[in-house]
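In the two complexes below, chain A is the common chain; its partner is chain B in one and chain C in the other.
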Partner chain A sequence: MTEILLMASVVLLTLGAAFSLKDARIGFVASVISAVLAVTSLEPEMYFFGALILVIGLLNIITLYLSDNQIKGIDYAIVAMLIFATVLVIQSTNLAVLIGTFVLVSVPTYVLVMLSENDVKLEVGIKYITFMVFATVIFIIGTFLLVYSHSNMNPTLYVIGYVLLILGLGLEVGIAPLHEWVPDVFSAADPIPVSIIASIAKFVPFIVAFKLIIATANPVTSSITMFVAFLAVLSMFAGNIGALTSREPGRVLGYSTVANMGYALSAFVAVVNFDLIYLAIAGVLMQLFANSAGKIGFFTAIKDRGVGTPFTYTFALSFIGMPPLMGFWSKLFIVLALVYSGYMWLAVLLVINSAISVPYYIRLAKELGEGWGYGVVNLVALIAAIFILMTVYPPDWFLQSVKGIVGTFVVAGV
Partner chain B sequence: MNEIPMFAVLFLFPVISSLPVALAWIYRPGEDWARKLPYLSVFGLFVSLLISLNILFNFEEGFYSYPWIEDFNINFVFVVDYLSKYMGALTAFIAFLIGVYGLEYMRDDYRLGWYWFFFNTFTASMLLVVYSDNLFTLLIGWEGLGIASWGLIGHWFRDDDDIAFVGTQGRKVGPLEMSWSPSTGGWRAISTIRFGDMPMFFAIAAIYALTGNLDIHSIPWEGMFEEIGYVGTVALLLLFLMGPFTKSAQLPFSEWLMTAMTGPTTVSALLHSATMVAAGTYLFMRLTWYIEPWELNIPGLETIYLLVLFLGLISALYGASVALGLRERKVLLAASTMSSLGLMFASSAASFWVGEAALIVAFWYLIVHAFAKASLFLVAGHLIHATHDRFCSGNLAFARKMKVAFAVTILATISLAGIPPFTAYWIKSGMDGVMEHLVADGMLLPFYLLVIVSLIYSAFLAKFLSLNFLKGEAPHHEHTEGGQLMKLAYTLMVSMQIVLLAIILLHYEEHASHFVEEGFLTTSLTVGILVTASYLIVLFKPAVPAFSRIGVFLTDRMYLPFLNDYILPQIGWVVIRVVDACNRGVDFFFHTAIPSAFEALSRAIRSIQKGYLRVYMKIVAGSIMLFLVIFSLMGW
Partner chain C sequence: MILVYFLLVPILASLLAPFLNPKRATHLVSISFLIPFMAALVSLFQFSSYDFPIMNFSPPIGEFYILVDPVSNAFGLTVCIISAMVGYYSFPYMIHRFEEMGLGEEEYRKYIIIYGVYAASMLWLVYSGNLILLYIFLEISLITSFLLIYMYGYGNRRWVALLYFVWTNVAGVLTLVGFLLTAMDNSTLAIKGISAVGMTAWLLIFVGMLVKLPGLGPHIWLPWAHAEAPTPVSALLSPLTVGLAGYVLLRMYLIDSSFIDTYRDIIMVYAIVSSIYAGFAVFRQTDYKRLLAYSTVSQMGYILIGLCLGTFGLIGVVIQYMSHAFGKSILFMTAGGIIASYHGLRDVRKMGGLHEYIPSISNAALIGFMNLGGILAIGMFGEFFILRGVVDIYGSNLMSYLPLILALVFIFVLSGWYSFYTLRKIFYGTPRGMEKPRISRYLDLPLYIIGILSIIFIFPPLITVLLKGIKAVIGGGI
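Right after this comes the complex of A and B.
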């Protein structure tokens, strides 16, 4: 049944893309249905993840609908493809499928990043594609080294594989010191495609990396986690401090992404503690959800000035980590995972970084917010804000749900 | 348990009875009916007097306790012993008499509610200090003394009447104007007293921490002193005695008492001669009474008692000398009070070597001094009313119009000076005996200091009498009618000297009868004759123009005001500048240093964003290679 639904989803989005040449609205409808079909393919215990992904994905599709570009109609299908890959990666334990989803979520964004209402952004595209290709290659090499060394018990190869995997992830999502593309692309490309790259496209790399690292974890892992901690700290500081003096909102959000990826990466140190791994996974996933909703909201505001001030402040406060917004809970889960794993200092640095980020998020909220917020763009902002405010009811359910699916964070045969 | 409610009434009734006038003055200040409410306040003082007399005559000596904070061993514990029963009766009696005097003296005042509330609160606080055995309740009373003192000294807060000032307006010495207003006087009092109270508070806390007990009679003093050693003992007692030293205006904390004379004369008579300032010496006596240092062999105690002995004697000498030079009626008496308090401290401290007898002498001197000095203050108040002048003035013609005041002054001065065979002579003889005992122990200085102080003391008392009634200038203004209540009050007050004399000579009190034996010793008689001579000489020659320069030096209180009004403020300014510099440092750190550091760092982070892909690729490839090399080496 799962396969049938996934098949149907792929076929539908392909047909939708094809027929959208006739009418872009066909692509829209087909993509939405395809996304829903993909999500329904999930096991019931993963519905919570599917539902949240669907909200983020549909927000991406709606924002695309609000603006024009060179491949109107096909762009919806690209987002549907990203949703499809994200749904696939959470339920799959097959190594080949996992690598496939990594490629599947990366390549379509090559096209997306060049789109705009006027001309094709070739320079941005080249910069982005170069990084992504590099990322994919290194990530895949790292993956194979990890898996190989795991079966052969070769610690040196394991360490190199681990480092390459993390560096590949870093290149893909924008972790310092490999983050150079992020501020440039985020400020130069069209805000809507960027919001897609900054949101739904971030899940797959993290989940694949997490699954691989958990599956190949061995006594050597605890000695290499310091590397992850180092990169995470570097990324947090580079992102937050870099954002402080940046003027363009897109560039600020680029640095914000670098910082947020640092927060998410820091949870990887918790892999040394298997009993609490669910806390780390919940922290990373919620951090990505919070980041996605906030980024979609802010980029929509950049694209179409007129998003209400209450919304922009909601996004900003969530990014800062103000309870009870989603950004608070995600950081809390990560901080707890770090503290329980013995990385108190990292938790402290994370909290300090949240404090450093306060000025530029508030500045963004002030600059991008306008009035009380009416009109269609504010529908997107409203949904994003509600998404962030969802955790007003303490998200213990999220933690328990992640606990239920933590068993799928393995790779078959490894 | 009947005693406890009586104690409660003793402490609470004076305060409650002053509330009507206090409240009336808030809502209807100055109305005729409100001006009658002080009678109620004085009635409250009268009730306290009755209870304190009841305690004196009917209560058994011992401790009366009522549970309060039992878990912490802090309870209401009241003591009735030799010291407290006399001191309590004395306090209540003087407060009542001055209350009666105040009915007339303060009749037309503009702030009666304030005055009577603080006057009665003061009396209640003083009684609480006197009867408390528990240091915690004692501290409550002690702080009550401080706040009431501040309220009463600054009573004429408008600072609009020169009659309430101390010093000469406009006279400058260096940067200081030698003149103090009532509000300044209030501030100087409370600031000095608080300066001593804080260390005392910490010392009490330390005692509690060390022993878990705050009842003076049951604190294991000896064990505690042995536990904390020499340095601990000296430090603890020094901290504790900062309270008594400041309250009793010993050097160098005497200035506040001089400018406390900006308050109404009734306040000077009650607080700044008989009771509040004596509370410091009283507390020292009470502690000594139960520590019994003469029974212990604690080196730290010897250091402290030696310090108190000499501090007392030097303060006595300073106070007496300054009094000799002063011409302001009340300030002269204030300086003389300081001198007497010094003698009380010195005599109490001598008990370390002499034993309990020295303590009895000091306590009896406290009693005689209280009545005599209160009488003199009340007379001074009447004189200020009558002449509208706070400086000494008056001749024989004036004395004829103020016969009662004249007679009372004569009796009070000769009783206090130590002229045989009047009251203080016998006490002073006891004191001579105490200091002679020290001579036998190898300390000569205290005895000679005492003799010098006694001579000067007698001299300025004679000067006070002479310049106000015999050889002073004719008053510029005379208003000698009326004053019946005032006369009644100070006549009754001074008549206590005769009662005390009778008690001493007729052996009504076993401790006091001992003084009579001392009085017939050669040393005492010699000192008595010298004192009498000093008194008589000054009586006929109250001012010596040739010594006027010395007089100015003494009138300016040996320039001690510079400590309070110049040196301490300078230190304060230094502190302020340091705090200001720290403030600026904090501001700079948070508003300039951190932001600019972050700005520089931020620009550095952003500086790699050249926009060129080849630069980025170099960075990326370089980083990846670097990490791989590092980890390959580590994995090797």
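Right after this comes the complex of A and C.
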């Protein structure tokens, strides 16, 4: 049944893209149905993840609907493909499929980043594609070295594989010191495609990397986790200091992504202690969800001035980590995982970093907010805000649900 | 049980308030705080003590519940009455402030919702039955008060707001790390489930709360924040927010007193030095609000002192919190009254003989200073129990007992001394030939309501019920 639904989803999004040359609305409808089909292919215990991904994905599709670009109609299918890949990666434990989803989520963004209302942004595109191709290659080499060294018990290769995997991930999502492209691309490209790259495209790389690291964990791992901790701290500081010293909203959000990826990456050190690994997984996933909703909201506000001040403040407070918004719980889960793994200093640095981010988020909320918020763009902002406010009811359900799917965070045959 | 549902009223009212006009919004928010006030008072009379479960969280976090007992009721009713009265007070004051800043009345919508959430978060904090829940409300109160200073403060308000935020957030982070260490040892953060708090965790929580309280040293943020905040915010910050650090320490003490027991003498000496230093610093201030801020540092020293003095000291902590809250909120509101009447007048040197022109505010200030000095107001009992605590803890050792008693008496005298010094300088003496302003009822009536409450609290049945209830929680004989 799962395979049939997934197949139907792919066929539908392809047909939708093809027929959207006639009428863009066909592409829209087909992409939405395809996304829903993909999510229904999940096992019941993963529905929570599917439902949240669907909200983020549909928000991306709606923002595309509200703006114009050169490939109207096909762009919806691209988002549907990202949703498909994200749904696939959470349920799969097959190494080939995992690598496949990584490529599947990376390539469509090459097209997305060049789109805008007027001209094709070739320069941004070339810069972005160059970095992404490197990222994909490094990531895949790292993956194979990790898996190979694990079966051969070769510690040197393991360390090399681990480092390459993390560097590939870092280049792909924008973790310091490989984050240079992020602020440039985020400020130069059109805000709507960037909001997609900053939101739904971030899940797959993290999930693949986390599954691989958990699957190949061995006694050597604890000696190399310091590397991850170091990159995470570097990323937090580079992101926050960069954002504090930038003026342009797109650039600030780019640096904010760097910082947020640092928070998510820090949870990877939890592999040294498997008892509470679900806290780390829940933290990473929720951090990505909180980041996605906030980024979609902020980028929509950059595109169409007119998103209400209450919404922009909600996004800003969630990024700051104000309880009981989603950004607080994600950081709390990560911090708990860090404390349990014995990385107290990292936990403290994380919380300090979320404190020093306050000035620029408040500034963004002030600059981008406009009045009370009426009009169509505010529908997107409203859904994003409700998404973030969902955790006003303490999200124990999220923790429990993640506990139920910890079993899928392995790679078959490794 | 009804109290628990009434705790929701302020939150709902604050969310509803922006849709009304400023006057109605003010009434709605203020009345919404009077409802849980009555409920807390009734609950105090019934000596209720129960847990109201909200939800179960996975192991390291543990159960979330509402903790109702006489101690939280005593803190809760103080928070409620002051939030309600300052709510009324902020209506004319903030409208005036918006005019000054060139903003329209529309701005009041933003103000009232942040104000309501700020006050409600402090109310929920004292009823939180889980340390994470408590931390959540601590942070909400921090961010909302930060926003209020950032948007409507005086002087270099953005810089002051950031100074305030950074210091108190560092305090929050240290405390959170302490809580998480506790979670590791007990695998729960529900207050009833924690059996022991490790020394490192205690130290982190203690230092964190010391920054927030604040003690001497980390206190440098306080005079700035409390002086430059818009006055209604000062009137919540100084009386309610900082003292809640004392509440957190009290709760931690009731769980596990090992840290205080070990370092009692050091903390005691530090608290006394802190209190005396800040008391003398009051005389040097020329800005009325800054003067009150230093007096807060001095008064918070009492709370630290009480914490070191066993059962009686703890009773002293609760009463001192109430008395300081009543007194200081009245005083900050008098400062605001002068600012509103005389176009931003804050310089003490330019005041004098104000009783002649604004008698209603001057008389309220007298009640406020009586509270600080512990004269014929509830503060009297706070001082009594702190002295009784010294007898209890140090009574056997004459060498430490006598100097301590002398030091404490000196502190109490110092408080009365700077109180009347300030009172004379500002309100009495030769009138300066100012004009007589028209004072809005909203700017003086709330002060008297708090003042009257602070006085009737020294009479039975209120005082007897309060003391009996607190004793039941803290334990120990009379």
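The working rule: the second predicted complex is superposed on the first by the 414 of 414 C-alpha atoms of A that agree within 3 Å, B and C clash if a C-alpha of one lies under 4 Å from a C-alpha of the other, contacts with A are read in each partner's own complex, and residues count from 1 in each chain.
Assume a contact is a pair of C-beta atoms (placed from the backbone, for glycine too) under 8 Å apart; a residue touches a chain by one contact, two chains touch by 3 or more.
Every value quoted in this text rests on a predicted model; they were computed, and no experiment measured them.
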### Task
Following the overlay on chain A, give me a clash-or-fit verdict for chain B and chain C.
clash
### Query
In the superposed arrangement, does A:L382 touch chain B (first), chain C (second), both or neither?
neither
### Task
Tell me which partner A:S246 touches in the superposition: chain B (first), chain C (second), both or neither.
first
### Query
When the two structures are overlaid on chain A, which partner does A:A8 contact: first (chain B), second (chain C), both, or neither?
neither
### Task
May I ask you to decide whether A:F134 touches chain B, chain C, both, or neither, giving the answer as first, second, both or neither?
first
### Message
If I apply the document's touch criterion, which positions on chain A are contacted by chain B in one structure and by chain C in the other?
### Response
356
### Summary
Interface with chain A, chain C side, in the complex: residues 54-58, 60-61, 64, 110, 132, 135-137, 139-140, 143, 146-147, 150, 162, 165-166, 169-170, 173, 176-177, 180-181, 183-184
### Task
Note which residues of chain B are touching chain A in the complex, please.
598-599, 601-603, 605-606, 608-609, 611, 613, 615-617, 619-620, 623-624, 627-628, 631-632, 634-636
### Query
So in the complex, which bits of chain A are touching chain B?
126-127, 130-131, 134, 138, 155-156, 158-160, 163-164, 167, 171, 177-178, 180-181, 183-184, 224, 227, 238, 241-246, 356
### Query
What part of chain A is in contact with chain C in the complex they form?
276, 279, 309, 317, 320, 322-324, 328, 332, 335-336, 339-340, 344, 347-348, 351-352, 355-356, 358-359, 362, 394, 396, 399-400, 403
